[in-house]
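Next up: some structures, all given as C-alpha cells.
After this come two complexes, each holding subunit A, first together with subunit B and then together with subunit C.
Let's turn to the complex of A and B:
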C-alpha cells in the first residue's frame, strides 16, 4: 500500500445521484471496506457535462473550477470523481486554466460574481476511482481482502471514451510502467485480476458507444452498443465491467433496445467494477447496489458464488 | 484492392457480418487473404469518409499502414475522429496477428474479432456521416457553436 489517497474529496456528480446510483453506492461501500475516507464536496454543482460544454466550454470550465475551489476550501489537494464525464471535465478545466488566458479571465469573473474563491490551476489534483484504488491499496491490497474470488469469471473491461480522451488533458498518463495508458488502459484489468477475475482480451475497450447521442440518434447508439456486447461475448466474457455511469446505462438500455428493435438478444452481464470488487471482498450484492442496475445479473452472481 | 473495387460503408457492414457468422473452417481456409480484406475494408470506410467531406483520401502510409495514415488525415482539424483511433489500431493489430501465424489454431477467432472491430469502425464512421457530432463530446471538447464562442464579443457570459 502506498498510503496515497487515503482521504480524498469526493465528487459524485449528477449521474451518481440518478441513473448511476449503484456506482455511487458501490464506490462508497468499497472505499469503506478498504479503509479509505471519502468526504463529499459541500454544495457541489454540475461539472458542465456535455450540455454546457457543447454550448460554451468556458462556462463548463468555470463550473468544474468551482468544484475544485470547494475542494481547496475544504482543505483537500485531491478530488476523486468516479464518473468519466465529471473526471474528464475537471481535468479539462484544469488544463484550460493552465493554458488559456481567456478561460482564466472568465473563471475569475464568474467566481467573483458568485462570491467564492477563484480556483487557480495546480491546487487540486483530479483522480478517477480507478486511480484512487490503484494508488491507495493497489493489487496487493485487493488480494489481501478477497473473500469471494472472482476466479472463473471472464470479464471484458470497458473504459469508454472520456477516461483517456483527449490525451492532452491527462498529462499523468502514458508515463511508462505504473502509469495508465490512453491507448490500452489497464488499471481496471489489473484491479479485477487481483480479485481473481479472468480478463479477456477485449479489442473495443475504449471504442465509442454513442453515449452522447443516445437520445438524438438512438439507432446509431444501439448498433454501436450491440457490437460492443456481441464482441464481448465473442471474447468469451460473462460480464462487461464498467467505470462510467453513462457507458453503463447506455450498455444496459441499448442491450434491451437491441433486442426489441433489432431482434438481437445478448446475454453478457453488465456490472460496475466497484460492484465486482465489492462482492469479491465479501460485500453483498445489495450492499453494492446490484438491485439498482437495469441489467439483471443475479443469476451469474449466484452461479459464481458471489452472493 | 483498386479504387473501382472499393466497398461502400454499408457493403462493409454486410461483409463483416458475413465473416462474423462464418464457420471456423471457412475463416481458416484463407486466413491471410481475409486479414488483408479486413484491412482494406477499414481503408474503404475511411476513404468514404474523406470523399464525403470533399477530400482526396491519402495513399500514404503511417507506421506501414495506409489505414493509420487515413485516420490521421481524418483527425487533422477534427479531433473527434480520434474516437476511432484505437479501433483503427486494433484492426491493424488483428491483421498482424493473423499474418504472424495464419495456421494458428485460434486464427478463426482472431479473424472474427477483427471483423467485429471493422464493423465498429463502419458503424462509427457511418454514424458520424449522419450525425457529425458523434465523438465530439469525448474526444475534441469542441463546442457546437465554436465560431460564436471563440469570439469574445458574442460570449454568453
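Let's turn to the complex of A and C:
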C-alpha cells in the first residue's frame, strides 16, 4: 500500500476556502503529520459544483478540464480533491472527454479561446482525500502514529452521493478486494478503525442529504438530513464522520433547522474524518479547525479525551 | 392499474348517477360509477425531441420503462408523486398536458444520481429531470423555480470570476427569492459560529464582499464561456421553437 501519492497536486475548491475551511485546515494538517506533500494547483477555478451543469453540462466539463490542464502543466500526474463535488466533477470530465466527442469539441474550443492547454483524458489521475491517505500510508501508517486512540468513539461513516454515483465515472471502484465499493464504501471506515474508532453499521452511508437544494428546497433537505441524523443515533453513533464540505455543512445546517423549524432535536456530532484522524494523531482540536465548524463538538471531544 | 392510466380515475373523469335503476337493479351512487370516455388528441409529437435537445435530456429515447429510477429515487421516497419513470413515459408519448400537471414538483430532483446508478439503459434520468424542469420554464408553463434562481446566481459568479464565495451566493439567492436573511435557523447557525470565533468570521464576511475570490487570468475564459452560453441558449430556444431571446 505504501509509496504511492507521496506528493500530489492539491485542488481544495471553493467550499474549502469558505464554509468548509475546517476541512481544508485538517486535510493539510493530517498530510503534514503523515509526511505527505500537497502542492496547491496554481490559479485553479471552481468546478461548477452541482449548479453549472444545469446551465450546460459541457461548460462544467470544461471547468474541470481547465483544472486538470493546470495539474499537467505543473508536472503532476495526480490531483487530489477532498470535496466530493470537485472529485466527482473531475472524474466526470475525465469520463466525458474520453467518451464524448461533443464534450471534447467544446473543451478544445473554450481552452483555445481562454489561452491554455487543452486537457486530454488519461493524463492526470483524480483521487479523493480518502484514496490519498488509504494508498499512501494506509491503515498501518495511521496505526503507527496514533497517540490518542479513538477507542470507545462510535462513528457513523457518511460518504454521500457524489463519491460513488454514478458508477461509470469511477472505473477503479468495484474491482474486488482492496478497491473501493460504490454500494458499500469502506475506505473511511477502515482509516478511522485504524485510529481506534468503533464504526457502527450505518445503513445510510451513500444516502442523499439533499445538498443540491440545501437552500432552494430547504424543507426537503431538512427531512432528508433529519433521517440521516436520527438513523445515526439509532445505530448508537456519537458522531457522524464526513468526507465532503457540502455534505458536512448540509448536515450541520439542517440539524439546526430541524430543531428550529420542526422541533426535532438531535445531538449526534458531525466531524470531518480528517479532524478525527488528526486528533487521534495528537493534533489539537484547534489545529484541525474544530472551532471553524458550524456545530459545536467540544463536549464530545473532551469527554473522549481527544483534546 | 398502471400509473400512466391514473389520469382516467381522477374525480373529474368519473361519473356517478345519484338515482339509477337498470333492469330493476338499484345502482344509485357509487354502484354506478363509470369512467368518462376519453380521446386524447392534444399530443405534442415533438415533446421527446424538445427535451432531448436540452442539456441532460439526450438519452431519453433509450428508456424501456423498467422503473428502476423511480424505485431508487430519493425524492420519490418522501413524495410518491415524484415519479421519473412516469414523466419519461409521458414525454415519450407526447402527453404534454399531463406532464404539465406536475410542473411544481419536477424541479425538486436533488441530483443524487441514484436513478442514473440504477438505470440499465444509460438514460441519465437525473439529466432528464433537469432538462424537463428547464423545458417547463422555457415554455412558460411555470415561473422560474428556486433551484434555477440558485443555479443562475451560482453560475454567474463562476463565469464572472472563476470562483464562488459561498456567503455571496447565499445572500444573492435570498435576495432574488425575496427571503429575509434573518430566518431564525440561519441566525442560530451564524451566531453559534461567531460565539466561538468572532474576529475571523466577521472579517471573512466583510472582506469577501470587498475582495471577491477570483481566478487570476480568468478574463479570456470568461469571454469564451459567455459566448458559448449565448449560443447554447439560442440553440435551445430554436429546438423548442421559441422566438429569439426576450420575445417570450
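Note that the second predicted complex is superposed on the first by the 306 of 307 C-alpha atoms of A that agree within 3 Å, B and C clash if a C-alpha of one lies under 4 Å from a C-alpha of the other, contacts with A are read in each partner's own complex, and residues count from 1 in each chain.
Assume contacts are C-beta pairs under 8 Å (C-beta built on N, C-alpha and C of every residue); 3 or more make two chains touch, one makes a residue touch a chain.
Here the structure is a predicted model, which is why all the values come from computation and not from measurement.
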{"item": "Partners on subunit A (subunit B, subunit C) - clash or fit", "value": "clash"}
{"item": "Contacts of A:196 with subunit B and subunit C, given as first, second, both or neither", "value": "neither"}
{"item": "Subunit B versus subunit C as contact partner of A:294, first or second or both or neither", "value": "second"}
{"item": "Partner chain in contact with A:220 - subunit B first, subunit C second, else both or neither", "value": "both"}
{"item": "Partner chain in contact with A:82 - subunit B first, subunit C second, else both or neither", "value": "neither"}
{"item": "First, second, both or neither for A:55, with subunit B first and subunit C second", "value": "both"}
{"item": "First, second, both or neither for A:12, with subunit B first and subunit C second", "value": "neither"}
{"item": "Partner chain(s) touched by A:166 [first = subunit B, second = subunit C, both, neither]", "value": "both"}
{"item": "First (subunit B), second (subunit C), both or neither touched by A:230", "value": "first"}
{"item": "First (subunit B), second (subunit C), both or neither touched by A:207", "value": "both"}
{"item": "Touch count on subunit A, higher of subunit B and subunit C", "value": "C"}
{"item": "Overlap of the subunit B and subunit C footprints on subunit A, listed as residue numbers", "value": "50, 53-59, 62, 106, 109-110, 161-162, 165-166, 207-208, 210-213, 216-217, 220, 223-224"}
{"item": "Residues of subunit A defined as touching subunit B within the complex", "value": "50, 53-59, 62, 88, 92, 102, 106, 109-110, 160-162, 165-166, 183-184, 203-208, 210-213, 216-217, 220, 223-224, 227-228, 230-231, 234-235"}
{"item": "Residues of subunit B defined as touching subunit A within the complex", "value": "20, 79, 82-87, 89-90, 93-94, 109, 112-113, 116-117, 119-120, 123-124, 126-127, 130-131, 133-141, 143-145, 149, 152, 155-157"}
{"item": "Subunit C-facing residues of subunit A, complex", "value": "14-15, 17-19, 43-46, 48-59, 62-63, 66, 106, 109-110, 113-115, 161-162, 164-167, 182, 207-208, 210-213, 215-217, 220-221, 223-224, 252-253, 256-257, 259-261, 291-292, 294-296"}
{"item": "Subunit A-facing residues of subunit C, complex", "value": "55-56, 74-75, 78, 108, 110-114, 116-117, 127, 130, 134, 145-152, 154-155, 158, 162-167, 170, 173-174, 177, 184-185, 188-189, 192-193, 196-197, 204, 208, 213, 215-218, 220-221, 223-225, 227-229, 232"}
